[in-house]
Each structure stands twice: as structure tokens, then as C-alpha cells.
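See below for the structure under consideration.
By letter and in written order, the chains are A, B, C and D; residue numbering begins at 1 in each of them.
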Amino acid sequence: MTIAIVCIAGVGLVAAIVLAIADKYLSVKEDPRIGMVTAALPGANCGGCGFPGCDGYARALVAGTAPNGACAAGGDACAAEIAKILGVEAAATEKRVALVKCCGTRSEAIRVGDYNGICDCNVAAATAGGDKGCTYGCLGYGACANVCPKNAISIHDGLAKVDKRLCIGCGKCVAICPKRLIELVPASATIHVLCNNPDKGPSVRKVCGVGCMGCHLCEKNSGGKEAGHFTFQGFLAKVNYANPPADAQIVAKCPAKCMVEDAHFESGN
Amino acid sequence: MLLVGAVLVNNFVLNRFLGCCPFLGVSKKMDTALGMSGAVVFVMTIAAAVTWCIDHWLLTPNGLGYIHTLAFILVIASLVQFIDIAMKRFLPPLHAALGIFLPLITTNCAVLGAAEINCKQGTGFFESVFFSFAAAIGFGFALVLFSGIREKLAHADPPRCFRGIAIALVTGGLLSLAFMGFSGLVKLPY
Amino acid sequence: MKTVKSQFKFKGGVHPDYNKELAREQPIERLLVPAELVISMSQHLGAPAKCLVKPGDFVRRGQVVGEKNGFISVCVRASADGKVKAVEKRLGPAGGKADAIILDTTEKPEGEAPAVADGPVLPPLDWKTASREELLKRVEEAGICGMGGAGFPTNVKLNPPPGKRCEYLILNGAECEPYLTADYRLMLERAPRIRLGVEIMRKILGGPAVRIAIEANKPEAIKAMEAAFADIDGNVEIVVLPVLYPQGSEKHQIFATVGRVVPEPPALPIDVGCVVENVGTVAAIADAVELGEPLLDRVTTVSGGAVATPKNILAPCGTKYSDLIAFCGGEKEPVAKLISGGTMMGFAVSTAEIATTKTTSGLLLLPRSKVSQYSSQPCINCGRCVRACPMNLNAAEIAKAVESNDIKAAEDAHVMTCIECGACSFSCPAYRPITQFCRRAKNSIRARIAAEKAKAAAAANK
Amino acid sequence: MKPKETAEHYILSSSPHAHSNSSVSRIMLDVILALLPTTAVGVWFFGMPAVWTIATCVSTCIVTEALCRLAMKRENTIGDLSAIVTGLLLALNLPAGIPLWMAVVGSVFAIGVSKQVFGGLGMNPFNPALAARAFMLISFTGPMTTWLKPLWWKTPDAVTTATPLAAMKGMFAADATAHATPHAAQNALEQIPSLCNLLTGNMPGCIGEVSAIALAIGAAYLLWRKVITWHIPVAFIATVAVYSLIAGGAPAYAQVLTGGVMIGACFMATDYVTSPTTSKGKLIFGFGCGLLCMLIRQFGSYPEGCSFAILIMNAVAPLINRWTQPKPFGAK
């Protein structure tokens, strides 16, 4: 028995000494911050940041080649901690979320063709411009939903909808949308214009029952041009998110019915 | 013959069901599977040599055969650590390729299993090392095969309840079924 | 001059039903200028032209209305007299939107006599005395781009970068797309024009050998070209190609005629000393030089099972599809699919309000019975697409990778070499949209490269 | 208010807009047609038990496929005929006299465990019929190796008998010790049916694997219909023949014509889903099948290695595919 204990202890001791020596004389010097950042990260190795594992992201962070805050799993707390380690301020910006600027559901916007092919907006748009009559509107083939790392986007009635609570504002959907109709807006904003068609009223009406006609009523009702709550691009009203309108009454007064209060779909689970 | 026997007939994963954890864990991509196989071959061969020495010169003479499992765990764990550190220092390219797999092997039962089998059979030093090497090759072979299938399965669309590890287990079972065909091909002494 | 059989056969390829008998015997007919033309600024490959007119302006036939905008770009000229009704974004056949001039041809420019329909627009040039630069400039002024489908600016093609020499000028008369007969009719009816075009191009390119590639299923065209080129001097051969789709693809034609292999992108045919031009383009060059006639109209085949009388029509660029269909006597039966171009590489469009461009070689009206639907069945790994692929790609793997959103794997499988000929989808027993998967991968890879470039440029500016 | 839509839309799809009109169900129908001669011969030799086995396997496969799709809430795929092909192939790989409940279990395993679990046709890594056969061979070794004697077999007194394969296995060993016991080798050689019987299938074995001529007719039909290419069958059979020439033992023609080699090479190994796509890959695949098959026949503990060999090569197929990617036209 004693021999056994001695043997095991001996083996353990020898191993420990060898390891200790190895660590001291053989180890490679690395930036100590890499280890600290790795520790601060969740360690899930999910790859959501685009780097091979948390360690890879940590190295990129320390090297300054990756933006802080790309770790969706760790969230703000994690970003703040990393910022502390790296000695830079976490960008103190307001939370921004994606907004799909189209409300032309299947029952409101016309279709002009029977699309037969891959369920992806980019290729659908490359096929005769898409099957939707409005060439600016959401095709509903879910390219944005596919790239969303948080599954915050879902397709309802031919339209993409963003769940505000899940969205982390990474902007991947903004980049992938072939119609360029997704925008990052402040999460606090509640009044939105859900249309992306800058054409004249009559041509909008030909393809969609709820398209913005550029009638400027929203502008008038919210205090006129001087108030600066809206900007116009062609015949399309856009909310000035730097100075958003507060009076929810204008929503009901929109004759085109493309204005809503809190457009963010909430899945309820 | 020993090589064929250990690689095909008594394949560690598919017939002895040793090392199932990395078999399922790192077989999603062919590249990682190759890296893992390399690391296993490397560690298993060295571990066999070291454990044989320990067993033969330290434990057996002292009549301590009954604690060899404990001793081997200790030795293999520290050995892997040591290799990790040494490799990082002297062979950085190899470390970059195998590095992340080394810590995983620390607890790999295939390594321990090979050491156990060796000391149970009481084989000579070179035979032990060679057997471990062959077993590791067999493990790597199964791992690479399996990763090929799993890469193919990545495009498959199984029912939701079977996605991920469940379907991998079913596949592993079928692969093991196929390997049954090799039984009797080589009569091993153990 | 001699006629030889092609000695090189590329791997892969398919045999679709050609259906050329529908319009093959129809002589080219001229369409009178329709009441409204939609002249797109993007009729060619590369940057769209810059629009020079505004609503209310009167324009004359041949007047430059769109200015060349960049190196790879050509000018756009008005195809008829008329008044500009509007300048707006219009959908093109490929699904993209571009500025287009809506021209009302019923209102003629004031105070002047109606223009002669075919009057010279540019001063005619004597190609024998004109310099190479003058000829090149004329090709550019005439707004000529490849009329086979891609629309690559011809003056760029005819002006190889320094250090590269054109050894072979290859005339593409393969017309391997099903249904289309526009090039075939052109070769029959305008063979002397094509010969003249060849001589002009030979001068511009510094006297390369000439190969005229025609598929074996067009014996009359081969005869017509033999007659027209009988007394030409120099190294000129007519190469009879086996009937195999995609024989008309630039890379495969180069291989079939002269046995050279164009390397992977970004290599171009000129890197192996070849320039390939469509026969229509060659005839347009002859017109532009000898007659001073810019590229204002082109021959378009209107065919398919649902059109009353299939025809080959010489129509002004910018003619709406609806006008072409009306000229052919309308629809015989309900149209299930309207295709701009051929069935293998053409674009399905959603409306007949789209207008022709310099590259519209055909307009097909397919009835329901001729339309096959794509499905989402899984791949059964039969390997037919791999055998069919003329670029020797593993199309099945690419499609599967794209299907599971693994664009990287598709890139590793060389998806960027894909020429989108459609042979894979054509041969797939599971009716999978393989070509579309390839297209999707290529789009996202291009988008990623563009984004990386933009990022690098932004970083450089900082 | 929704604006007015035109009643009929054009179909919008990406090019090409033409199709070769081949289809999955047509391919499967071709395979079934190609298997008909073999099935007929099997029924002719083994009588009603064969009919019952085939009927049981095919119907169980269809029902299992339908139930699985129903449980998965997916589109029913009986129409692609692949379940019938699986059922037929499995039945042809079973001895005629097998208890029917075992055939049912095997069919359920084939469709349920080795095909639909992976998501159905096109996704399975192993050939369903072969996986089921291997599963049955291991689970019901006795019944799976009890061969019903065909009509006109030369030992009329017995109902069941051994296959020539068992005899041939002995011959490998016998060959090595031929000098010592020439008598044993002679005995074994007598166990092998005549070439004529080998070709027509008048010998004990699975329902579908006995008649080489019927299988060859089916294979020729598939080649003519361009359903399969020559690579896998030729590589497979050639490897078996060359191996037996080199290793000695039973004559090469006997090795090729007995057991599952013919049906395996022409119908099982050529299964699209589980074999490589490129020509080079197919040659390697066929070679591997032949080699493993003979190794198991000579050294393994099972008399027949064909199904195991193909199963193992099924597992290697993704690797072969990966390393035999075609080189693009114009690539260096």
C-alpha cells in the first residue's frame, strides 16, 4: 500500500516537475491580454463572430483587426469587459435594430409572375426582377432570415418581419437584401414608414394597396416641413430618425396606410 | 498482419467502441478529422512507449499491477500537456495543425485503452508501440471515413428529431455493421 | 479557303430539342417603327450609358442619346425619330433596372422633313484606305457590342491590350440555342456583309487567321458562307462543329476550332490569341463602316409553340415585346412562359412591356406543355450533371453546398468557372435548379469580393 | 385595397427553360424493368416461397416508406418508385425460404433505419437494401444461410443445401495444402456447379443472385438506357476475376458467377446515392468492392463478402468523391 502511494505520488511529482520546467523554459510568450480576452468571452466557440472559435476572435481583438461587440452570445456585458481589458471604450451607441420597410403583404401587393426556383431573394430578384409587381418591395423569400445569426427574422404573409427583442443590429440582413429595403433604426423609435417605393402615387397604386404616394400628409400633420420629422426621396416619405415624430395620431391619418406605430413583430415567446 | 488486424478487424471505434467521444465530436469536418487523427497517432504511439516503461519497470516489479489505470491516467495526462508545450515551442507549424486537438486527447479512452490492452497482453516494447500505432491508424481511418460521411450528411435533411448527434450515431452504427464484414479476416492473439 | 471538320471535342454537353424548324424557313422581315420605343441605357455589358436627353426633347434617328460611360461601355443611339416622353427606370430582361428613354415615334422633330428610314447617319468609310484607328473609332461610335447575348463592347475586344496579339479571329455561327434562327438567316441572306465585316476586322486585328464556326445541322448556312468566302485570300477556314450544346460558348468554340483552352477566369480568349465574334456583330461592323449605319436594329427570332407565325424580324432596338408578338399574329395558345433569348440561357420575363436591346437574339412564347417546372427534390447523386457539364465541374456538389448555405465549399468546387450554360439543370432527373444554385453562389461570391474591395479601399483612405 | 392583378401570370424561373425529360421515377422504373428477368428466373427456380418473399419485401418497403413520410409530415415519395427498388433488391438478396416475418423486419430496417432516418432518397450514406441484408445476416445468421434448393439441383433428396461459396472458401485453404490432400481439393471442385448451371442460375443461393445471364440482360438494359455507366461493374468484376487468378482456389469464372458479385456489381454497387459521381471515382470504387469482397471470401468468417464489401465502400465513397473531383475545363 505504501509503495503504491509512494509510486503514484512519485510519478505525479516527476510529471509535475517536468511540466513546471517545461512551462518555464519552453512556453512561448504571448500577449497576456489574449488569455484575458478569451476568458472574458463566453467560450462557446460558436463561430458566430466569424472567427474560428473564441480564441481566434480574442486574437483578432487584441491584434485590433476585429470590432468589439461581434460576439452575440456574450452580449453587451461581454463587450464592456473586453473593452476594459483592451483599454478602449465600448462604443456607447444606442441600440439599433433592423426594420423591413415594406408592408405589401400578399393580400395588398400584386404578384406579376409565378416564381419557380430557389427560395432566396437574391436569385429571385435576378429572375425578371422578382415576381412582385412593386420592384422595390420585399420579395419574402427570406434571404435576410437566412443570414440572421439570432433567428430574429421570420417570414409572414410574404413579408420579412424583425423581432425587435432578438435583433442585435449586426446589419447582415441590410447587406444581403437585394432590394435594399432593410434599415437599422433606433430601437426606441416607434413610428415608421413601411414603404420603399419612390415612384409617383399612381404607379405605386397600380402594384400595391399600401404603398407611400408621397402626399406629405404625415409631414403636415406633424408640424410641417420646419419640424423636420420627415424627409422625402422622390415620392417616398422617410422618417428622420435623428428627430423622430412623437405624435402617434399621424399614423391613423396616413391615407396610404403604410405608416405604423411600432412595426416590430413580437413573437411572444 | 497486426496492422491490418488493428486497423480493420479490431477497429478501436467500430469494434471495441473506444474513443467514441472524439469520434462523434470532431468528425463534422474532414480537415479537423485529419488533424485529430494525426494527433491521436502521435500521442498514442508515444503514450504506449511511456506507459510500457512505467508498467514494466515501475509497477510490475513492485507488484502494483492493480493501480496501473490510475498511474496511466496521470502519466498520459501530463504527457499530453508536455507534448503540447514542447510542440508549441519547437514545432509551431505542427502545433498549429494539431494543437487544439491535443487537450482533447488527454481524456481520450482510446489512448488509455491501448495502454491497458498492451499491459494486459504483456507484449514486448516494440510490439506494444507498434500495436498502439496501428490502433491509432485504425482510429484515424474510422474517424476520416466517418467525417466523409458526415460531410455528406451535412447536406441531408433528416427529420428534426434525428438532426445532429442522433443521426451521427445511427450512421456510426451502420458503419460498425459494415465493419462486421471484416470479422475473422485476421486472427489476432487477443 | 477550305471547309474542315472540327477535330476537337470538348467533354460534356447535352442535346436539347432544337426546334429550329419553326422559324428556319422564315426570311428576315422588317418591322416598321412602332409607336413607342423603350431605349434602355444598359443594352451592353459594363457600365450603363449616361442619358443625354430629357423629357420633351425631340431626337433624330441615329442621334446619340446615351453617352459611353467608362472603358467597358458603349454609346446608345436613338433607333428612330421621335419625342422623348419620359426618362425612367425600366426593368430589363435580366431583371435589373436601368434608365430608359420612352420615345414617342408618332411625334416627329419639328420643321424638318421626315427622316429617311435607312439614310446614312455617319459618313461612310472606305475600309481599304481608312486607318486601323479610324475603323476602331467607327466601331465604337456605332455603339456596337457583342450581339450573341453577352453584349461585350466590340471595340474593346478588337483592341487587344499591349503585348497580346490576336492570332485567330473566330466567327461564331454555331447558334446552339434551341429555337433561335436569327444568325442562321443572317448567314443565308447577308453572307457578303459578313465577309466584308471579316475583312474589316482582319484589318483592325492585324491580319489574324479566320475560322468560321458553324454547327453541322446548318448545311445551307455552310454553303452560303462557302460561296461568300470562296475567293478570299489568306488563312480562312470554315470549321464544321458537331451538333452539341453549348457549342456556341466562347471557350468551347475556341477549343473546338483551334484546340486551345482558355484558362480559368480572369483569363480571356485574347490570352490564348483568340477573338470570338458573333456573325451578327460582324455584319453590324460592315454596316457601320461601309454604310455609316450604326447599330440601331437587329434580327430577333420570335418563336415557340404559342406564337401564331414564328418569324425572324429586323426590328429597331427598343421595340417592346408586345409589338413583336403582334407582328407575328399574336398568340396561338395561352403563353405560360415568355423568354427573352433562347431556352437554355434566356431570361424569363414577367411582362411583354419589356423592350428589345442590342443583344436580344430571340423572344420565345412557350405554351404550358413545353414548360418544365423545377422542384425541390433531393439530389440522387446520379452524376448526370457532372457528365453534362462542359466546364467539367461537379455541379451536384456545388448545388448541394449552396443549398445548405455553404458558399465557401461551392467556391472551392470552382463555381466561378461556371458559364451558366444550363446543361446541368437540363439533365437533372430530379428537376433541381442547379444552374440557379451556381448563379446564387457566384452572386454572393461577387458581392463578397466587392465588399472586401470596398473595405480595403476605405481602409486605404484612412 | 389590393390593385387588380392579371389573371394569368407567366412562369418566372432561372434558365435553362428546357429539360431532358429524364426523371427519378423513370430511372427507378428502368431499374425495376432490368431486375425483372432476374426476378422471373428466381421465381422459376425457387417457386412460391420466392414469390412470397418478394411480395412481402416490396409491400413492406412501400408501407414503411409511406408511414415514415407521414410521421415526418413530409410529401409522400412512393411515386418515385425507389421504395419498390429497395424492396425488390432486398428480396433478391434473401434466400427464398426465409421466414416472412424476418423479411418484414429487414424491409422495415432498410427503409426506416437506413433511408428515411436520413431524410429519404438521396441522403442515405449506405445502400438500404444492403444495410438491411447485413443487419439480417448478423441477426438471423441461421435462416439467412439456409438455402432452398432450386429445381433440378443435383442433390434431390435434401430440401436445403449449402451454396457453392462455402465450398469455394475451402478451396483457398485446400489450394495451399493441395499436395497434402489432393483428394479434398478434388472434392471441393466437384461442389461447384457446372458453368452452364452457373450461368443459368441452377444452384442454391439468394433468389436474385443465382442467374448470371438474367443479371447480365438487366445490366445491358441499364447500360443501354444510360442509367448506369460501365465503370463500377467492370472494375468490380475484373478485380474479382484477377484476384482469384492470382490467389488460386476456385476458378475465376466460378468466383464471378456465384454469390452476390454479379447482382452486387450491376445493381447494388451502382446505386447512385452511395457511389462516387466521377468516372475515376467509380473505377476506384469498383476496384475496392472487388478487392474487399475477395478478401472476405478468402479470409473472413463469412462465406460471402460482397454485401459487406459494398457497404464498406459506401462508407469510403465520400472520401473517393472528395479526392477525385473533376478538374475544370481550363484549370491548371
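Assume a contact is a pair of C-beta atoms (placed from the backbone, for glycine too) under 8 Å apart; a residue touches a chain by one contact, two chains touch by 3 or more.
Because the structure is a prediction, the values reported are computed rather than measured.
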Between chain B and chain C, the fewest steps along chains that touch one another:
1
Centroid distance [mean C-alpha coordinates] between chain D and chain A, Å
51
How many angstrom lie between the centres of chain A and chain B, each centre taken as the mean Cα position?
43
Chain A to chain C, mean C-alpha position gap in Å, rounds to 40
How far is the middle of chain B from the middle of chain D, if each middle is the mean of its Cα atoms, in Å?
33
So which bits of chain A are touching at least two other chains?
112-113, 116-118, 123, 126-128, 131
Chain C: which residues touch two or more other chains?
347-351, 373-374, 378-379, 433, 436, 439
Please list all residues of chain D that touch 2 or more other chains.
9-14, 119-120, 122-123
What is the shape of the graph in which nodes denote protein chains and edges denote touching chain pairs (line, ring, star, complete, other)?
complete
Going by the contact rule at the top, pick out the chain A residues touching chain C in the complex.
112-113, 116-118, 120, 122-123, 125-131, 135, 146, 175
Report the residues of chain A in contact with chain D in the complex, numbered from low to high.
107-118, 123, 126-128, 131, 133, 205-209
Show which residues of chain D lie in contact with chain B when the two form their complex.
71-72, 113-114, 116-120, 122-123, 125-126, 131, 134-135, 138, 292, 295-296, 299-302, 305, 307-309, 311-312, 314-319, 322
Give every residue of chain D touching chain C within the complex, in rising order.
8-24, 26-27, 80, 119-123, 272-275, 277-278, 321, 325-332
If we count contacts the way the header does, which residues on chain B are in touch with chain D in the complex?
30, 144-146, 148-149, 151-153, 155-159, 162, 167, 170-171, 174-175, 177-186
